[in-house]
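We call the chains A, B, C and D, going by the order they appear; numbering starts again at 1 in every chain.
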Amino acid sequence: MNLAVGIEEAQNHYTVKVSGEIDVYTAPELKDKLLPLTEVHGNDIQVDLKDITYMDSTGLGVFISAYKSAKEHESSMELIHAKDRVSRLFKVTGLDEIMNVRFDDNNKEGQ
Amino acid sequence: MNLAVGIEEAQNHYTVKVSGEIDVYTAPELKDKLLPLTEVHGNDIQVDLKDITYMDSTGLGVFISAYKSAKEHESSMELIHAKDRVSRLFKVTGLDEIMNVRFDDNNKEGQ
Amino acid sequence: MEAFDFMEMKVPAKADYVGVIRLSISGVASRMGFSYEAIEDLKVAISEAVTNVVSHAYEKKEKGEVLIGFAVYENRLEVMVSDQGESFRFEEIRNRIGPVDEMDMVTDVSKLREGGFGLFLINALMDKVEINNEYGVIVVMTKYLDETEVGLNDEVPSQV
Amino acid sequence: MEAFDFMEMKVPAKADYVGVIRLSISGVASRMGFSYEAIEDLKVAISEAVTNVVSHAYEKKEKGEVLIGFAVYENRLEVMVSDQGESFRFEEIRNRIGPVDEMDMVTDVSKLREGGFGLFLINALMDKVEINNEYGVIVVMTKYLDETEVGLNDEVPSQV
């Protein structure tokens, strides 16, 4: 039921590893850690979704606001290793067409 | 929440592998599979508890009746690889002093 | 009458308990024999409904509760999520429900809405959804064990 | 008054639902920050209490329900398991509760009882246990988050 967010930094490149469950209880923590990275100019952020075991619309909401904030601040944000259930959510909502999401499953490789 | 019971046979030696959860819902299935083996003369039965992820007094009840039935029919039954939570139940109830239970943890090796 | 088992949970309308409800629903669904995929669908749909109660129902009150009812039938699970908080104008909301391409025709990501996917997901993941909002909000969601029993029903939830 | 969250479940008194209740309790306990060991203790204790309802409470009726209440305090969890079935003669039962060595002085395995470990385990695994059986049976079990808060309390449950 818990969430862990790990951030690796190399100059202005960030890899954010999200593991565990993203729901209304844990989403604020994710937002608090992810948003500040997007509020700096010229950051290059990859969010690794591989170890997410549960996610619902509260997670989508966090990624949408981070994505918008990155655009605004001329940073870039990419979601990587979306698979199974997580990829399903991006596809069913059509968000995969708008945001940078890389899938780990076959249906829609490298979107 | 489920239970699986696998039985390996070599002459009159039986290894019964119990995996999953033993509770009031699954105990009848375990009893149905284990008891018949104890009702034959001269059987030698080892019950492998290694992969039990949950057990409560309903499990103890099944093992007690199997143990008694084995004695009655001059068969032998041994419980092996009791560890963690499962071993705790046998110890706290004192059943480890009466039945053949082999533990996989340090507290009471080879009981 | 068709036989069913009924199970009920009442929890504080707090974010803390959504995960607990999710564990309970996955227990009920796995005992019923739902597939892994269907269990995950149920977890998301029920979490969305409970999250809505946590986030929207009791805005004007200090605290409230969420009531979850599970009706376990031979061939389906019906889950009711209800609150005694604010109702909402379903007709207005209805227009905001849908995947992004259909709804927003967003070409510009900055116009993308950040919420509003909850009811859409509930509808996408369950076989039948009914919403009643006369007194508080009641969302009734049905999922069939055997997917072939499901009629063509992929529209926006109907109001009853 | 000491603040707490209250959560309630009502389920059919059937073996099928014991696992669901176990998932719910493990959710509540893990959210509260109980250790792995303590969560496992809680799962066994609550399952024992619910199993008793399933096995003994409604012997003379066709069906019944079990009600589980969780009172989540800052420093402890109180779980109430109750039914509206048969009461039982606690004073008689009391003498049959205990680990085998103390109780039975069994030297001969054939005399070993096959049941009767449920109430004993509840008492061994929880910090405080109260049983009320005026109308149906109510078992109230308490577990503290911090084990140092627990008084010396390892006797047979008291009747209230």
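Couple of notes before you dig in:
Methods note: a contact is a pair of C-beta atoms (placed from the backbone, for glycine too) under 8 Å apart; a residue touches a chain by one contact, two chains touch by 3 or more.
For clarity, every value in this text was computed on a predicted model and none was experimentally measured.
For the pairs B-D and A-D, the count of C-beta pairs in contact is higher at B-D. For the pair subunit B and subunit D, the distance between mean C-alpha positions equals 24 Å.
Chain centres here are Cα means. That of subunit B falls 43 Å from that of subunit C. Averaged C-alpha coordinates give centres for subunit A and subunit B that are 47 Å from one another. Within subunit C, contacts with two or more other chains are made by residues 16, 19-20, 22-23, 27, 31. In subunit A, 1 are the positions where the chain touches two or more neighbouring chains simultaneously. If each chain is drawn as a node and touching chains are joined, the picture fits none of the line, ring, star or complete shapes. Here, these are the chain pairs in contact: A-C, A-D, B-C, B-D, C-D. Subunit A meets subunit C in the complex at residues 1, 21, 23-25, 54, 56-58, 60-61, 64-65, 67-68, 71-72, 85, 89, 92-95, 97-99.
Considering their complex, residues 27, 30-31 of subunit D touch subunit A. Residues of subunit D that touch subunit B in their complex: 15-16, 18-20, 22-23, 40, 43-44, 47-48, 51, 54-55, 99-102, 106, 109-110, 112-115, 117-118, 120-121, 124.
Within the complex, the subunit B residues that touch subunit C are 1-2.
Those residues of subunit C whose C-beta lies close enough to touch subunit D in the complex are 5-12, 14, 16-17, 19-20, 22-24, 26-28, 31.
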